[in-house]
Each structure stands twice: as C-alpha cells, then as structure tokens.
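After this come two complexes, each holding chain A, first together with chain B and then together with chain C.
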Partner chain A sequence: MAVCLVPGLAMFMLFKLYPTIQVFYKSFYLWTGIGDKPKFIGFKNFVDMFRDDAFLLSLRNTGFLMVIVPVFTLLIALVNASILTRTKLKERGLYRTLFFFPSILSFVVIAILWSFIYHPTLGFLNSGLELTGLGQYAMPWLGDSRTVLWALAVTMIWQAAGYYMVIYMAGIDGISPDLYEAASIDGATPMKQFIHITIPMLWEIIRITIIFSINGVLSISFVIVTIMTAGGPDRHSEVVMTYLYQQAFTNSNFGYAMAIGVFVFAFSVLLSLISNKLTERGSY
Partner chain B sequence: MAQIQTSAAFPSPRERRPAKAAVIVRNGLLRILLILQALAVAYPLLWNVMASFKTNEEVMESPWTLPKSLQWDNYVRAFTTAKIGDYMLNSVLVVVLSMIMLILMAVPTAYVLGRMRFRGQKLISNLYMAGLFIGGVYIIVPLFILMNDLHMLDNRFWLSAVYATGTLSFSIYLLTGFMKSIPSDFEEAAMIDGCGYFSTLFRIIMPMVRPGIITMVVFSFFDFWNEYVLAMTLVTSDAKKTIPIGLSNLMQIQQFATDWGSLFAGLVIVLVPTVVIYTLLQKKLTEGLMLGGVKG
Partner chain C sequence: MKWNKFLTVVSACALSVSLIAGCGNGGSSGASGANEGGKDAAGSGGDGSKQVANGELNVAVFQGGYGREYWDQVIEAFMKDHPGTKINLTASPKIAELVRPKIVAGNPPDLLYIAGGDNIPLLDGLIKDKALLDLMDIFNENDGSGPLKDKILPGVLESRAMSPYGDGKIYLAPFNFGVLGLWYNKTLFDEKGFQPPKTWDELFAMNAAAKENGRALFTYQGIYPGYLEEVIVPAIYDLGGQKALDQFFNYDPEFWKSDVFKQVWGNILKFANEDNGLMKGTVALNHTQAQTAFMQGKAMFIPNGTWFEDEMKDAPRESGFQFGFLGIPSFSGGSVKAQSNIEQIVIPAKAKNPELASEFLKYIYSDESIKLNAEKSKAVMAVKDAADLAKPYISESTYNVYKAVDNGMELVNGTFQTVAKGSKYNPKDDVYKAISSLVNKQMTLEEYGQKMYDMYTEVSKELKQAQ
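For the complex of A and B:
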C-alpha cells in the first residue's frame, strides 16, 4: 500500500506543497535575487503593494476581466446550450463539436491568432469593417487603452464559451422532459421555459461554473496578455499575473512577487466566496 | 421538411403547439444565430490555414482571398529556419514522459484512496483536493528557486515531473470516483485466487477503470501539449524548448523579419495533432467533462 502512495505523495510534496508553503512564508521577506539572503520584513511587502500604482492598475484590469469574461462566457454558453438541447435541430452535434474546439486549443495558438485578427493592417476585423462600410470604426484594437481590455476579453470569451456550453448541455439533458412538456401544455413560451425551468434547474451547476470561470481568467489572462500585448499600451492591459511574473523574473523581487501571489490567491478565494454567497438559493 | 422540423421541436403530439409558420421562423432565426457563431469560431482557424499557403504579399493584401498558389515552401521554412520540428520532438518527449509518470502515480494512489480504509486516508485525500486550487503562476517563483537549488532547471525530465504533478490532483479526483464504483467482490475473488495487491491492481482493477484512465489521459494530453508558463520559466536553452514556447518566440521574431507564411505554417503544424486527437476522441472528451465537471 505504501508503495502505491509514496511516489505520488513525494512528487506532490516537492512540486506542490513545498512551493505553496514557501509562497506564504517568504511573502514576509525582502528577497531580491537568487544569491540574496532573505530578510524578514513583516507585512511591508503587502503595504507596498497598495502604494504601487502599477500593481493597483493591474489589479483593476484583472478585476475587470474577472467580472466581464465570466458573465458573457456563461451567458452565451447557457443560451447556446439551451438552444441546442431544446430545439433538437438536426445539425446540433456539428455545432457542439465546433463550439467546443477552441477550449482545447493551446492558449499560445489562440493568442497569436487573435493578435492577427486585431492587427491594424493585416487583421480581418478592420478589413471586415471597411468591407461593410463601417471603415470609420476601424482602429488599432490592441494599441488603444480604451479598447484593449475589451479586445482581450472577447478572445477569452471565444476560448471558453464552448467548454461551459458542453457542461450545461449535460446538465440540461439531465432535466426531466416532463417539466418542459407540462410547461408547454400550459402555454409557456420557450423563453419563459428557459427562465423558469432551465436556469433554476441548472442553478447548482451554474454556481460551480461561475467559480471555475473566475479562476480560469487568472490563468488564461497571463498567456493572452504576455503574447498579445505584453501589458501595453502603457500598462493598460497589465494583469496581476503578468505583473507578478515581471517582478520575479525581470526585477528579481522574489519576496514582493510572492506577496502578490498570496494576495491574488486570497483575492480569488474571496471573489469565489462572494459569488457563492450572492448565488445562494433564496437570495434571488 | 417543415413538418419534420415542427414535430422534432415539440416532441409531444398532444401539446398545444404554436402556429407552424412561427416555429419555422423561430428555428430559422436560431439557425442564423448559430451559423454566425460558427463562423466566428471557424473563420479564424480557416484563415490561418489559408494564410499558411500564401506569400507575404498576399497575407498583407487581404484576409478574405484564397492563396493564388500553394506555398508549400512556408512549411519547409517552418521546419528548417524556424526549427518547428525540433520543438515538436521536445514536446512529444515531454508529453510522453509526463503521461507515464502521471499514470504511475495517479492510478495506484486512486486505487488505495478509493478502495481501502486506513488512518490518514482522509488527510491524504484532502491534501490532493487542496491541490486542485493551487495553479501554475502562484507557485512559480518558489518552484523556480527550488529547482534551481536542486539543479533541475533546463531539464526535460524534471519539467515532465512538474507537469505530471500539476494534473495529479485532478486525475486522482477523477479516478477515485471510478474506483469507488467497482464492487469489492471482484477484488475478493482475485485475492482468494491468490492474486497479490499488485496483480489485483494491474489485472483486475486497471481494465475496469479503463474509461477513467482514458479520460485522464485525454485531458492531460491537452494540458501537457499546450502548457506555456512553466515551460517558459523552467527551460532556458533553446534546444530543449517545447512547441508553445517555440511558437511564441517565432511570433516575436516574425514581427521584425516579417515571414508571416512560416509563422502560420508553424501554427497549423501545432494544430494538426490537436485536431486529429479531438476528432478521434471527441466523444470521450465531452463525456469526461461531464464526469469530472458535473457529476463528480
């Protein structure tokens, strides 16, 4: 029995548990560089964070994405799942296969593709706008501080919507068809059925996916931002994860970077708890 | 056609149905909505494939035209100058190594946690569960320092070990569910027949949880094949880099060298294994999603 457990546990402790403990512990230290000896400074890293404008901006950008992306992703996923399961279109299998596809693509591939979609001269977003006579709306989407976050958000929604759609489709398949039948006999429109049957019956699944999606934004935003904008223009698309990485590996502020890690972890747990509280049954 | 559509949309013949025309209009509108979305998903990928066969001038000219002639040369350059082939070999090596390590760690662990009672079992289960919430970038700094101290950096074996450990929590969580569903008679019979723990595990249990293992392998494949942050940080020499890193380097270079064709060819080369595995295992994947994501 021990033979079964030891390899997994050993690796888990070395590559997961030990680094996690270190993050919490060393976030109280001033530690600048591999050769440097860590010096205990208490909460100073955390205090500094709130005087660091670049960090605060990255936190605000991350917060924006953590709200916008889950809301639209899950809404689109829910509507599509409901259309595909309830209307029984013949070609629904095709849509399901296609819509799920982006969620298994490499983030890197997605990020490179979308940098070209938004490309000011090569990209087909601008070219498409000109073709349809909306040329005056063409702009450098990733180069403008007003549009860059929305542009990144669209990419993230494109990536994730199909994944949650498949989860919701499974959930809807599990709802008893009698409910829908009874409702349509009583004359409820499909829209009413969606609001009064589908959403309440899926509520527990929706709550879980909200939390998944909030946390998913943290990990995908790192890759998307690193490749598509490198935080630009002028830090307007910097997110906490890219800032953490930069502090650690460009500026060698290991202690500070770990403090950011702890803060972001606490922040995402807090958001998950808030979302859990807000979506509790009976509160709506 | 319209008749079939109507009855398909409303399965019960008894129910009060809206006028046929209304249903046709509604389904038509829904179809338009779905087709628009399908285009939004498919066109970027299609465009990528088209661009990979174009010359630089054609790429810059218009994103809506087909290539005038197929520039296979783009693919040749992707392999020769951009060294996509080398990156790909590294990726294959890392994926295979990670997968072997993952299976060797996850299956026995899930077996013990799912089918035996002992002191500390709850603790170990909870430890792995907690691991579900600790993702890549949070711990990358101490992980980097640890591996630097132990001289594990720039080493494809240890990168694989980190990958395998990364998906260990989810895999154990997934497999334990499968393990619990096997009736214990099977093992008892095996034990009585003189099978030891290990032969029971390999000859009786593994075949029975095969669907779970396949699900785990499929999910992990995409994780390993696509991973970016760890590969970027833990591997420093160019000769050992995996394909996501190779691609993002290529992207940086092509901004200035403007050889778009070979960049797009590179992207297509990376997409091919993903597409093949997806089409082969699509059902497994979406089923697995339901097992792990909803019913678990």
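For the complex of A and C:
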C-alpha cells in the first residue's frame, strides 16, 4: 500500500521541492530569466536588496499589512463568531453564509468591486460621505499615500474575516456548554465568558489562524494591489510580491527576484516561529 | 466495509497511475518534438543555402485588439507562394508567457511579434541578452524597386526601438504604428466654436471654458502614470529638440537640472495646482475609469493612443461625443507634436530557420500584406502611405489622426536605453510613477528632480561598469 504514496511523493518533489530548491539556487545568480547563461554572483543579490529603496518601501508596506490585517481580521472574526454562537440568534445560518460569502468570491472580483467602492467620484464610500454631510472627508482613497494602505487593508479584512469566523464558530461549538452554564451561574457576564472561556478554549485554533492569516496576506496582497492600485501612488502600496514579479518579469532580473523570494520565505518562516513562540500556552 | 476500503485504495492507485502515465506521455511527445526540430534544421542545411523556401517555421504572435485573422491569412498566402514550406502559428494575448519557457529551453520560435504591455518586457529581456538576429541584410536588400528600408517611415529604423544598441544595426522590425497624444470631444469644440489649442498657453487658457462646460481641464489614467509619457516625450522634444530627448532617454543626469525638465514637468504640476485643472480624484483612477470619465464630459483633455476609439467602444459617453485628436501643443508656437509608438517583430538569434524567417518577414512588408493587415486588423503599418492603404477599413477619426501626421503634425519617438543587466532600476517606472507624488503635492519639483538625478547617476554608472 505504501506504493500508493509514490506518485504523490514524486509529484510533490517535481512540482514543489525541485522548484523551491531552484529558487534558492538561482538567487545566487545574475540571470535575466530568458536565454542567457546564469552567472554566479554569490550574495550580491541579497546585499543589493538592502540598498534598494523601492524594495525597502515594499517591505515596509507588506509589514504594515501583515500586522494590521491579521489583527483586525481575527479580532472581528472572533467577536462575530462568539456573538453568533453564544446569543443563539435565529438567523445564525443566514449570517454565517453572508459573512462567509467574500471567501468564495475570486480575489479579482473583490478587487474590482472595492476599486469601485473607493472610486473618488462615483464610489459608494465618497457618495455616502457626501450624502451624510461628511463631504469634506471624501478623498481619493486609493490615490493618496496616507490612506491607500488602510484602504487595501479594509478590503483584505473584509475578504478574510468571514472565513476565520466560520473556523472559530466550529471551534466554539466544540466547547462544552457546561463551562458557560457554570460561569453564568457564578455571575460571569458574557464579556467575562468571552475572555475567560472562549479565548482560552480556542487558543490552539487562534494560534494556527494567526499564522494562516499572516501568510495569507502575502499571497492575497499581490492580486489586490495589482488590480486596485498597481502599487501606486508612487509605490506607496507596492508589496514585496508585486515588486518581486516586476523584477522577474518586467525588469528581466530573475536572480534578484529569486533572492527577494528567498528573503520573503525566510521572513515568513521567522514570523510564524515568533508568533508560535509568543502564543505558547506557558506565556499566555 | 473492508471491501469498500479495498475499492477506494484500488481507485486511488488507478488514478495516480493514470496521472503518471499522463506525465510520461507529455515527456515523450516533447522529446519527439525536439527530434523533429533537429531533423528539420539538418534538412535545410543539407539542401544548401539557396533553397531557403523550404522547411518549417514556427511563428508566435500577440493576439490583441487587432485579432489573429491577418496572421492566419498572410501565412496561408505565404505558403501558397512558397510551396514546400509549413508555418505553425501560435497566437495569444499572453504570448510572452507562452514562448518564454521555449526561449529559456534554447528552442525559441523563428519569428516573434510581441506587443501589449504584459508582453513587451520579454523583448527587453531579449535585448538585454543580445539574443536577437541582426536584420540589416533584410532592410538593405534591393528587390528592384529600391531597398526595403526606403519603404519604412523615415526615422523609424534609426530609432532606439529598432536599433537598441546604438551601433546603427537593426535588430527589431517595425510593424503596426500608433499615434499618441491628447484627445478632446470634437462635437463640443465644434458646437462652442473652440479652436484646438496649438500652444500650452492656449491650452491652459481654455480652463475657463472647461469650467463653464462643467468639466475639468485635464485628466489622465491615474494609477498608471506611464500614460503621461505621451505628454512628456513630445514636450521635451518640442522644447529641447533631439538633444534633450537623448539626454532623457540615455540617462544624462544633467537633464534633471535643465530648464526643459522644469518647464515640461512644470506643466503637469500646473494641471495639478490650478483650480479646475486636474479632474478630482484622477490619481486614484485606473485607465478605464479615467477614460470613461473623460468621455462622459468630466474632463476636457486626456492622453491616449490611436486605439482609443476601439478600446472604449462599449463605454458610456455624453451625447454627441466624438473623438478628436489634438496631439501635444507646442511651447513656442511651433508645430503640434505627437508621440508615435511602433510595434516590433523579431527573429531570435537562436531561431532554427532564420533564412525562412527572413523571407517571411520580407513578405510581411509586401503591398498585399499591408493591405491585408489594414483590412483584417484595421491597423496601420509603419510604412509610407499606409494610412491611405488602410483608409477604407479604419474609422474616420482614426484616419484623421494619421492624416494629421501627413499634414505637418510632427512625430516624436524614443525609448529608454536598456539598463545594465542586473540593474534594479526600471527607469520607465521610476520616472513616471513618482509623478503621483508630485501631483499629490507630497514632493516638490526640486525633490523630484533630485531623486531622478540620483537614479540617472546610478543607472549610467551601472551601464559604464557593464561595458
């Protein structure tokens, strides 16, 4: 029966392991990614990265999204999940479907949808502000370097919150009702129950979702940024993935792009480890 | 239960085996393909160099707004005229993605027509790699009615777009050409009796008229500030001539200290600073949104190319809207200018059958082919009198754009010098993207100039080192 594992293993090696090794290998080369012979240049690509302002800016933007998006996504998901499960709402099923809906939409559709919501003159957001007499706060959200990252973050939070909410709801359903019953007999408010029962009991799930969510930002941000802002204005919403793509495919700088890829890989592994360490039971 | 489990396991195994079999098939067919290629190359070599009209040719073309019908038909005609040849056509909007692996594997198509923003970088890469065939012989060849190069629009073959290394050798062959500049609503201008402005002063003076008609003076494709090139390049040429344009495209840092820079970029800034100058929210719009707003009468002028009408054919517009092409006004009352953009065809240096590819390339420039291209693609090739050949097939306003060129509108073209291999800079991006900060007033003209000065210094240093 172990033979049955062979095809899967072979394919994993061919389509996952081998390309990954190639990424690491090519990051030490000067290569256009087209027809030339790769030239070995050691760590030069990695050194260059830290002298490249555009890369550093994109790294900062990615870092911003990696902090803001998971924190708000998970917080909103947790609160919503708790409200929907604990209050025994009649429309629970409906809300669950509604909140989950963005997760089954394609990222491209979401990006186009939100670029119309943020449209400076026709957009739902600015029209709404004007309608409610808050017209002076209307602004080109995606065109201003002060607001663009927040605007993108909101889109990404909207997209992901429902997904994590469903995960948390399943988790909360698994918590023994006895705990809540005992707590409420002892006079614990719903808020106290949330903090002292729901969160500790879900802790292992929360740990995993933090890592999922941080790494999700990396991949989702590529589509969202490409469609909604193209990295603009003036690279203020450039993220590492879009920059990597530009270097590889529009600047024919494949080796450098692979070095960025390796850095991002190391960065996200490190981030996951740190998050794992910080959220260990003992330190809670 | 057990029986069930057994069945599951068997079907899982069957599935994986079939997957593997699929992989095996793919591999073997790839190998046989390579063999065929080898056989062909050997065959044509054996026949001697005279017999060029033989063998197989792989042609890869961009299939964009112009479609692929022209290519299907021109290939059919070529094969009829050259019995014994066989041309395989690959056409796709994402042609670069399709041919890239073949090029990497050292097995490129014999002839490539690459266009469209997503695909162009592949050409840049081939240029960086010096992986293109020298086309000088083709353009110098005389078929009795003068060399082929005399048929091409003047100045095109000498431009960097076709002769990328500045050594006078042609590596890229010109194909369809477009004219780029500012557009306005012709109906509005006719009804109100406005004259299309010929100078920048006249253009800015129209701001009051624009406001009266409920629109801003100018808008552009905000999140893609690269469109501003269509305004900037002709303006640089107008003010500083070819010398300033060369400075700009060849990374002379001093360009950013010059008066030309201050005036040309000053104009862009003026749109942003003047009341009613730049349409509200422009910086946040993508190309479709900005162009739709323009057609709905929210702005008086917008930059775009000859493809504009076709691109926006389904877009909503204000009643009576008609495309009018202005070009780029002059600073001093000289001729109105416009940027030209010429698509390119290349033969990779590693092509298996370069003789036949050259033959086919010459065929593309034949009168029948030019007419066929006009008829099927509704496009105008960069050859003399192409607009008149295409007249029956293209819209009137597009024809007028090309005609304006014949009637004294001066065409400007230019391309950034390819940066050194391994350079992190993409000057086209760096120069235009930063304009967003300028327009948003987060950067002054001096800061912008300084940033570009530093970038140009680095880029030219890298180029010197690479030599």
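Assume the second predicted complex is superposed on the first by the 271 of 284 C-alpha atoms of A that agree within 3 Å, B and C clash if a C-alpha of one lies under 4 Å from a C-alpha of the other, contacts with A are read in each partner's own complex, and residues count from 1 in each chain.
Keep in mind that, in the parts below, a contact is a pair of C-beta atoms (placed from the backbone, for glycine too) under 8 Å apart; a residue touches a chain by one contact, two chains touch by 3 or more.
Keep in mind that this is a model prediction, so the values were computed, not measured.
After the overlay on chain A, what do you see for chain B versus chain C, clash or fit?
They clash.
Looking only at contacts as defined up top, I'd like to know whether chain B or chain C touches more of chain A.
B
Based on the superposed arrangement, let me know which partner A:L9 touches: chain B (first), chain C (second), both, or neither?
In the superposed model, A:L9 contacts chain B only, not chain C.
Could you tell me if A:F249 is touching chain B, chain C, both of them or neither one (first, second, both, neither)?
Both partners, chain B and chain C.
Now for A:T121: first (chain B), second (chain C), both, or neither, which partner does it touch?
It touches chain B and chain C both.
In the superposed arrangement, which partner chain does A:V166 touch: chain B (first), chain C (second), both, or neither?
It touches chain B, and chain C stays clear.
What is the contact status of A:F46 with respect to chain B (first) and chain C (second): first, second, both, or neither?
After superposing on A, A:F46 lies clear of both chain B and chain C.
Classify the contacts of A:L113 with the two partner chains as first (chain B alone), second (chain C alone), both, or neither.
After superposition on chain A, A:L113 lies in contact with chain B alone.
Thinking of the overlay built on chain A, is A:W141 touched by chain B (first), by chain C (second), by both, or by neither?
A:W141 sits against chain C, while chain B stays out of touch.
Contacts for A:F72 in the overlay, against chain B (first) and chain C (second): which applies, first, second, both or neither?
After superposition on chain A, A:F72 lies in contact with neither partner.
Under the stated touch criterion, which partner chain does A:F267 make contact with: chain B (first), chain C (second), both, or neither?
Neither: A:F267 stays clear of chain B and chain C.
So which chain C segment collides with chain B once the two are superposed: 91-99, 109-117 or 127-135?
Stretch 91-99 of chain C has C-alpha atoms clashing with chain B.
Could you give the residue numbers on chain A that contact chain B in one complex and chain C in the other?
In the superposed arrangement, which is not itself an observed complex, chain A uses residues 1, 3-4, 7-8, 11, 34, 115, 121, 249 for both chain B and chain C.
If we count contacts the way the header does, which residues on chain A are in touch with chain C in the complex?
Of all residues in chain A, those touching chain C are 1, 3-4, 6-8, 10-11, 30, 32-36, 41, 48, 52, 54-55, 115, 118-121, 140-145, 229-235, 246-247, 249-253, 255-256.
Okay, in this complex, where on chain A does chain B touch?
Its residues touching chain B are 1, 3-5, 7-9, 11-12, 14-20, 22-23, 26, 34, 80, 83-84, 87-90, 95-102, 104-109, 111-117, 121-124, 127, 131, 158, 162-163, 166-167, 170-171, 177, 181, 184-185, 187, 190, 205, 208, 212, 215, 218-219, 222-223, 226-227, 241, 244-245, 248-249, 254, 257-258, 261, 264-265, 269.
Would you tell me which residues of chain B are touching chain A in their complex?
Chain B reaches chain A through residues 8-12, 14-17, 26-27, 30-31, 33-34, 37-38, 40-45, 47-48, 51, 59-60, 62-64, 101, 104-106, 108-109, 111-112, 116, 118, 124, 127-128, 131, 133-146, 148, 161-162, 164-166, 168-169, 172, 197, 201, 222, 225-226, 228-229, 233, 244, 247-248, 251, 260, 263, 267, 270-271, 274, 278, 282, 285-286, 289-290, 293-294.
Which stretch or stretches of chain C touch chain A in the complex?
9, 12-13, 16-17, 19-20, 100, 103-104, 106, 108, 121-122, 124-126, 128-129, 131, 222-225, 280-286, 289, 293, 298, 348, 350, 421-426, 429-430, 433-437, 440, 442-443
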